[in-house]
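First chain A sits with chain B, and in the next complex the same chain sits with chain C.
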Partner chain A sequence: MALDVRIPAREDAASRLDEGAQTQGAVPGQTRDYFRQKVWLTWAVLCALLGAAFYALHLDFGYVGQKLPFLLGIRLSPDGFIQGAVLTVFVTGCSMIFALMVAFLTALGRLSRNPVAFAIATFYASLFRGTPLMVQVLIIYLALPQVGVVLGGLTSGLIALSLNYGAYLAETIRSGLMAVPAGQREAAMALGLPRWVAAWKIIAPQALRLIIPPAGALFVSMLKDSSLVSLMGLWELNFLAQSYARSSFHYMEMLLAAALIYWGLSIVFEVVQLRLERRFGKGVAARGAHATGPRKA
Partner chain B sequence: MERTSPPPLVSLTQLNKWYGNRQVLRNISLDVRPHERLIICGASGSGKSTLLRCINGLEPHQSGRVMVDGTELTRAPKALQIVRREVGMVFQSFNLFPHLTAIENCTLAPIWVRKLSPEEAHATALNYLDRVHLSARAHQYPSELSGGEQQRVAIARALCMTPKVMLFDEPTSALDPVMIKEVLDIISELARTGMTMICVTHEMGFARRLADRVLFMDRGEIIEEGTPDEFFQNPQSELLKTFLSRVLHGASAAAV
Partner chain C sequence: MLVCVPLTHAGTTLDRVKRTGVLNDVLVESYPPFGFIDAGNQLAGFDVDVAKAFAARLGVTLKLATPGWETIMSGRWQGRWDICICSMSPTEERAKVLSLPVQYYSSPAVLTVHKNEQHIKTVADLSGKRVGVGMGSSYENYVNKTLVIPGAAPIAYPFRDVVAIPGDETVNFRNLALGPGVRLDAIISDLATAKAAVESSHALKIVGPVIYAEPNVVATEKGDTDWDHTVARIFNAMKTDGTLAKISQKWFGQDITHDGP
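After this line comes the complex of A and B, so read on.
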């Protein structure tokens, strides 16, 4: 029944495609370019407005310039360790990799028929999604030593972030895997494809298309939550900005500088996400001008 | 009437299957000889699709025996793989891989299962896409093809594995009349090449033209079977008479 509903839509799309090819030719491309131009223009105007607002605050840009190498982490901290934005990126990057591994295993556990695996996966996801990240960070850093496990600040931070985000990401991965229609698995089996080939070539690419956008949002959020490692005395971006602000009373300058650096980093994440989305979106009919818009880039 | 008959390609013996407490297949015994064209019909829920899916192990059976080309189908991965390699299947909802182009859909299994080189697989795929009259659209994604074209690619994809028997599970039920014809024409062309096929369908006219043998199922049982002439002109059981009158009446109503 569900299929009967879908067919007319497909026919529509196909006939529209044909029409486009025969009569209109260049028009879809033109609308796409028009859309992109307007998008860039609007962004430029909004950026200019934001810049004007900053200018109106009469900030001490000299002080910002003086502290920028430290905030960005181009200089090492006094004890010779990475600091600032570099540390933020390092913490986020490592936690991302560990979170992905934990999340993948948890998602498999959630989909498993083994009751113990299922229970462990649901218990973990519930516990780490249901308690505040800051509490988790502190418990791992402060409480574990009481039972004889002493971890450094950086290690504790990485573990806490990975476990917390792994719990969220597990649900994203699970829903992506479940959203691949059963018919895909059946077609792969009917062709005699070994399980791992079906998983790698059929299921994973289709699941990834659905997993990437929410996972990207999670990683952008993780980028900012990584500032919690400053609780363990690590000089990441947010911590540096606040301590410079306090010592010099240049609060606005430091906070805005940190905010802009965070923003720049998230834009990098967003671009990567967009690239991946496009790569795994092959074969999916684009919907709306915004979906076709950046495709040509 | 029986010539020196070759051994059956597909042989089901006393097949039983349950979903929980509900029995969906009852004591099915059935032999399909090489080059035979068997059509299965019956109301929805009569177990015909399930029967088809038991032949390539998409559904496990609880008792009885399924033999395909001399291999007994068990749940052992080895047996499943041997059987599935020789059995092509076409689904009601096409089930093409949406992230792969038509030709990539066709080359995947030959490369990974038959271990063909990419070049060989490509050549084979083009050959079969040509047989379904779609070689010009080889590099398009399923979403860019019509329903009928998608189903024809699905047929080509199955044929690329050079199966010994083809299973069709209501191949035209999701299509409109024009597309139904193009898909049935392809299946008829395939039949002329001597392919062994088992087809579940509601297209009675097609069944009559194509089949060597027609089989009617109800509630998991084979109620009646015979040549198309016997089957359509002289149905024995009340169940089949009722079914035929409904289906044929429905068909003529749709034609108006």
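After this line comes the complex of A and C, so read on.
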């Protein structure tokens, strides 16, 4: 719920596939259908071109079919653990949750008036954004044991991914929180709402609307960066594709199969992001529909 | 899971294996035919079969892990793994960070070129050429003239200015198969892996005499002499009674487990 204190209706920053036409202003339904049809048609043509390119590579599709159940993770690994795409999704999902928690705390620290909290938050964000993820993964896996902390490959990977992406996400969350006009909080105070109600019901929904698109992009990126845990011998999608390729000399087949699976998973992420965007953008879209006159960007 | 371990002292590894009844063995899963993932998604190869035989002798369950070559050979396992039956060649650097209790096979280093290659016939023809070697392998040391095999005669380097291209060995073989000199001029590797690559690509050939004899050893974490003695005793017994020879016959059609080139 946003307190309507006469903010100029803003252009929705997110490009929404289905409502691409709508964001250009009030468009009749017919035009919107036309736009949508053209979008799907172009997608279909591009997919066909990509498919033709694969076909021209003379791939051994039989081999891909044989390895697909393992790549997708429908079957368990030899030691009975999840593997392939299932492990990739598991690693990404867990890291996402931890990264969100870390990022939220860091964003609060960044906005805090307490100098120690501010220093810790900025130090952490700077350190983890300023060093390569691969180095972080290896340090956590290989260097921590030297001081007596021996972590498994999975734990090390989750920690590295969570801390790295938490640092980036913190900035996203901070910018979202800062973008909510101060008037919103002041209006909530004026109405006598308690602080937590103001934060939860007034600030959070408006900030989320701005946080979701860049956060979604980060999670799609994390999905693919999760392949770095293969450095520690976890049998996730990238690890299996590379190992099969090396054992059988079927490089193109395995790399392309893995790429397509990553892409498919990314599309699922994108759809989830779109739905969340729509849910949290509702109030703005409704306001936009009633707005008269030219919109301000 | 978070496990705090005290510093390694004599008996640690052996105690742990006895207590848990599990042998944690590491190997490389992209080094066919010594270690690879087979059609049924199981780890297979010479090294895997040797590990199975060793664990059976010890009377414990075998657990395999594939943490990557660099991780394995940089040592300091801190109790993560008990043994590496992973085709490691003994070098002075490795002996500093790992214990190398026993040799289990010997396979020579050979030179592989594209089948249309006309000029490279022995390693003496490698001057100024680009030579693919496994990243962090003893062959990389050889090309850079820094290979010292403990207890063996010094190695001759009849070439100069060779450009070492370290990378994944199977990726290197694929690059060499593109044509002579396209990305690589030659590869120096183990005879058995070279044979496997030649068979699967049909575009490569092994040339020249054996470059140097290369022992391959079992590695353990430094500091547990009891464990090292146990490992050496069991491996020597498996050599004597023909267990290793039988596994070698299965994978290579010959016995590579007896000493000598």
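The criterion applied here is as follows: the second predicted complex is superposed on the first by the 257 of 297 C-alpha atoms of A that agree within 3 Å, B and C clash if a C-alpha of one lies under 4 Å from a C-alpha of the other, contacts with A are read in each partner's own complex, and residues count from 1 in each chain.
Definition applied: a contact is a pair of C-beta atoms (placed from the backbone, for glycine too) under 8 Å apart; a residue touches a chain by one contact, two chains touch by 3 or more.
Not measured: the values here are computed from a predicted model.
Peer 1: In the overlay, answer first, second, both or neither for which of chain B and chain C A:266 touches.
Peer 2: In the superposed model, A:266 contacts neither chain B nor chain C.
Peer 1: Could you say whether A:284 touches chain B, chain C, both of them, or neither, answering first, second, both or neither?
Peer 2: first
Peer 1: Could you tell me if A:231 is touching chain B, chain C, both of them or neither one (first, second, both, neither)?
Peer 2: Second partner only, chain C.
Peer 1: According to the stated criteria, A:151 is in contact with first (chain B), second (chain C), both, or neither; which is it?
Peer 2: Touch status of A:151: second partner only.
Peer 1: Could you tell me if A:122 is touching chain B, chain C, both of them or neither one (first, second, both, neither)?
Peer 2: Once the two structures are laid over each other on A, A:122 reaches no partner at all.
Peer 1: Let me test your reading of the model: by the given contact rule, A:202 touches which partner, first (chain B), second (chain C), both or neither?
Peer 2: A:202 contacts chain B only, not chain C.
Peer 1: Given the touch rule stated above, what does A:244 touch, chain B (first), chain C (second), both, or neither?
Peer 2: Only chain C; A:244 stays clear of chain B.
Peer 1: Where on chain A do the contacts from chain B and from chain C line up?
Peer 2: Dual-contact residues (chain A): none.
Peer 1: Name, in rising order, each residue of chain B that touches chain A in their complex.
Peer 2: Going by the criterion above, the answer is residues 56-58, 81, 84-85, 87-89, 91-93, 95-101, 108-109, 112-113, 141-147, 157-158, 161, 174-176.
Peer 1: For a test of understanding, state which residues of chain A touch chain B in their complex under the given definition.
Peer 2: That would be residues 3-4, 7, 10-11, 13-14, 17, 181, 183-184, 186-187, 189-194, 197, 201-202, 205-206, 209, 280, 282-285 of chain A.
Peer 1: Within their complex, state which residues of chain A touch chain C.
Peer 2: 66, 70, 75, 77-79, 141-142, 145-146, 148-153, 155, 231-233, 235, 240, 242-249, 251
Peer 1: Where on chain C is chain A touching in the complex?
Peer 2: Of all residues in chain C, those touching chain A are 1-6, 29-30, 32, 36-39, 41-43, 63-68, 71, 74, 76, 78-80, 168, 170-171, 173-174, 197, 200-201.
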